[in-house]
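Shared between the two complexes below is subunit A, which pairs with subunit B and subunit C, respectively.
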Partner chain A sequence: MQTNDELITALKTIVKPYVQDEEAFAQLTEQTSFIKDLKVNSANLVDVALDVEEKYDIEIDNESMERMLTVGAAIDIIRQKLAEK
Partner chain B sequence: MRNRVVITGLGVVAPNAVGLPAFREAIQQGRSGITFHQELADLKFSCQIGGIPPITETDKKQYFTDLQLQQLNSSGVIYGVMAGMEAWRHAGLPVATDEPDWESGIVFGTGLLGIEKIRESVYKIDQGQVRRLGSTAVVQTMVSGVSAYLGGMIGCGNQLTANSSACSTGTEALLMAYERIAFGSATRMLAGSCNDHGPYLWGGFDAMRVLPYQYNQSPDRASRPLSASASGFVPGSGAGALVLESLESALERNATIYAEVRGGHVNSGGQRGGGSMTAPNAAAVQRCIQKAVEQAGIQPDDIDLIDGHLTATLKDPDEVRGWVNALGRSGSEFPYINSLKSMVGHCLSAAGSIECVAAVLELHEGFIYPSMNCEDLHPAITDLIDPSRIPQQCIQKPVNVVAKANFGFGDVNACVILTNYQIQTAHANE
Partner chain C sequence: MGESIFNKRVDTNVQTCDHILQKLPYRKPFLFVDTLVSVTENGVEGRYTFAADSFFYEGHFVGNPVTPGVILTEVMAQIGVVCLGIFLLSDSSINDLKIAMTSTQIDFYQPVFPGETVTVRSVKEYYRFQKLKCNVEMRNSREELVCRGSIAGMMNVKSDA
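Take a look at the complex of A and B:
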């Protein structure tokens, strides 16, 4: 299993194209919110989820998708889905 | 009392040139944008040629962010946004900051948007992969997609819409924008239209056998409006866009005025009197032209140039007869007449806008582009008008009044009268 730092690095690569607040992106932590802090368009959260699915070969169900609002939540979901595999 | 409306910005993405400066040069030289496409041959199309604008990745990056480009698979959106933004910048207009520009709107038409994106989506859905469509399958395929993209980029706060009337879409868009300003509902309107390219868009026409199949080895000779050997229209694609603005606003901000929109008319032939789903009712065409002249407040004799619809089918002689009857002019008294389709093919729903951009350039800069591939003029046409009326080489001369018309499936017609702004002022002062 990857460390949190490794997962954050991978997530940053995925989320970077959708970010509209570069300053918040530079200071990204597990508490960072995709929409409130990084100003990712809510429609694009779907694309972030699809990219995560592709990278880790997992499926993010609708409920998980609704929870996936912060970097930390995304990491939890990835870990959980990888564990279920 | 209608407000006077002028054109203050132009943008174009055409098969023979991308961007206004290159387009001006291409149409003066009569350069063809029709090429052979192996993909069409592989798919067993009879007509394996078409007009596709030569767009580069660098071009796209000038208009779209990396994020927007990521899932972009709609050629119509690409063409429409490029032409629309070029026109807006050409007009010297700013994009809104925080507050929308309440006085600026968009009418940007198309026939069908994002056919490649639709195909991609259909495949995913049929494979049970609907959740993998991504976030932009809707905005790239909704008919108002281009208006929506442009509206956001510019920050428009007035009407944002898309019209659709087959091959008259572009000219109709211009007239809709004109009316909105003329009646005071908006100060500026970006008017335009676009058309996707490719087999899924062109296939239906190939199946109807209205495209030429004899020129796959000589594509630049294939589009032959007005010619005796015309054997069908060559499918094209692209976009054109024009910024329309109240004369008052244009003068206030000292904008360059490229032409005045004097008026026009849109009608249909009801698929009666010889008209059908695919053929025009001749009486409706004449009526459309006459109503346009009437609304513009000009005389038929004032018209210097007709930018025709002229697709290179057997209907070209009928169209010329329509103009002859509507204007009461024939032989050497007939205006000059040309067809941009001889260079770019029939850009379908984009045709009217691309051709209107060409017409405005002719007015503003004083030239008449050549109508190519008609060295063998159709005898039914030379029975009506003198061959000298059809320029086979570019003519440099002042042009004061242009009549531009387009006709489309569904028996629909649109005709607009464009004039040189300075000349019109002289008339008004008489």
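Take a look at the complex of A and C:
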């Protein structure tokens, strides 16, 4: 199982192309909101989810997508889906 | 793009196409779909004719009317993404459709002049979490490539509608 730091690093790589607030990105924590803090738009948040699915070979369901609003929530979802595999 | 689904001449349900046109949230002077030729889960084909008296020719360009690229993009979005999106949503209470274009990446190859008819063909790249992304191309009546690219939008439905 990967550490939170490893997951955050991987997520940062995935989110980076869609980020509109570089300062918030530089200070990214598990509490960081993709939309409110990083100013990612909802369409690009879908791309983040699709990239996460591809990287970890998991499938994110609609319910998980709805709560994938912060970095921490994304990490929880990745862990949960990996555990279910 | 445009391999199997268009060559097969899918036996399109005329009623389905009419239904989609009725659900389109556009009106003159910003409705850019005349007819849908075919629609399947994977793609759509439709046509539009640019009336010679369309409002944008007056200023684009002065004394030299050419269809603006943004309008060509809009034609591709309305036929290629919105019509397909309405089909994919099917009848799930689309009385209050909230749509938004979220990205475009289009290359242009040929000008389109007043009075020309264009055909738009769109192939779905993916439809996930309300986001529909398509590879779309437009051809003129001589089947020459006018423009081609990628367009995405969010297809949100207000559930309390």
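Going forward, the second predicted complex is superposed on the first by the 85 of 85 C-alpha atoms of A that agree within 3 Å, B and C clash if a C-alpha of one lies under 4 Å from a C-alpha of the other, contacts with A are read in each partner's own complex, and residues count from 1 in each chain.
The rule is simple: a contact is a pair of C-beta atoms (placed from the backbone, for glycine too) under 8 Å apart; a residue touches a chain by one contact, two chains touch by 3 or more.
All values reported here derive from a predicted model rather than from experimental measurement.
*Asks:* With both complexes superposed on chain A, which partner does A:Val46 reach: first (subunit B), second (subunit C), both or neither?
*Replies:* both
*Asks:* Name the contact category of A:Pro17: first (subunit B only), second (subunit C only), both, or neither.
*Replies:* First partner only, subunit B.
*Asks:* Where does A:Ala26 make contact in the superposed view: on subunit B (first), on subunit C (second), on both, or on neither?
*Replies:* neither
*Asks:* For A:Ala83, using the defined touch cut-off, is the partner it touches subunit B, subunit C, both, or neither? Pick first, second, both or neither.
*Replies:* Neither: A:Ala83 stays clear of subunit B and subunit C.
*Asks:* Once the two structures are superposed, pull the subunit A residues common to the subunit B and subunit C interfaces.
*Replies:* Looking at subunit A, the two contact sets intersect at 43-44, 46, 50.
*Asks:* Can you list the subunit A residues touching subunit B in their complex?
*Replies:* 17-18, 43-44, 46-47, 50
*Asks:* Give every residue of subunit C touching subunit A within the complex, in rising order.
*Replies:* Contact set of subunit C toward subunit A: 100, 102-103, 126, 128-131, 152-154.
*Asks:* What residues of subunit A sit close enough to touch subunit C in their complex?
*Replies:* Against subunit C, the touching part of subunit A is residues 41-44, 46, 49-50, 62, 65.
*Asks:* Under the touch definition given earlier, write down the residues of subunit B that touch subunit A in their complex.
*Replies:* Residues 66-67, 70-71, 132, 134-136 of subunit B touch subunit A in their complex.
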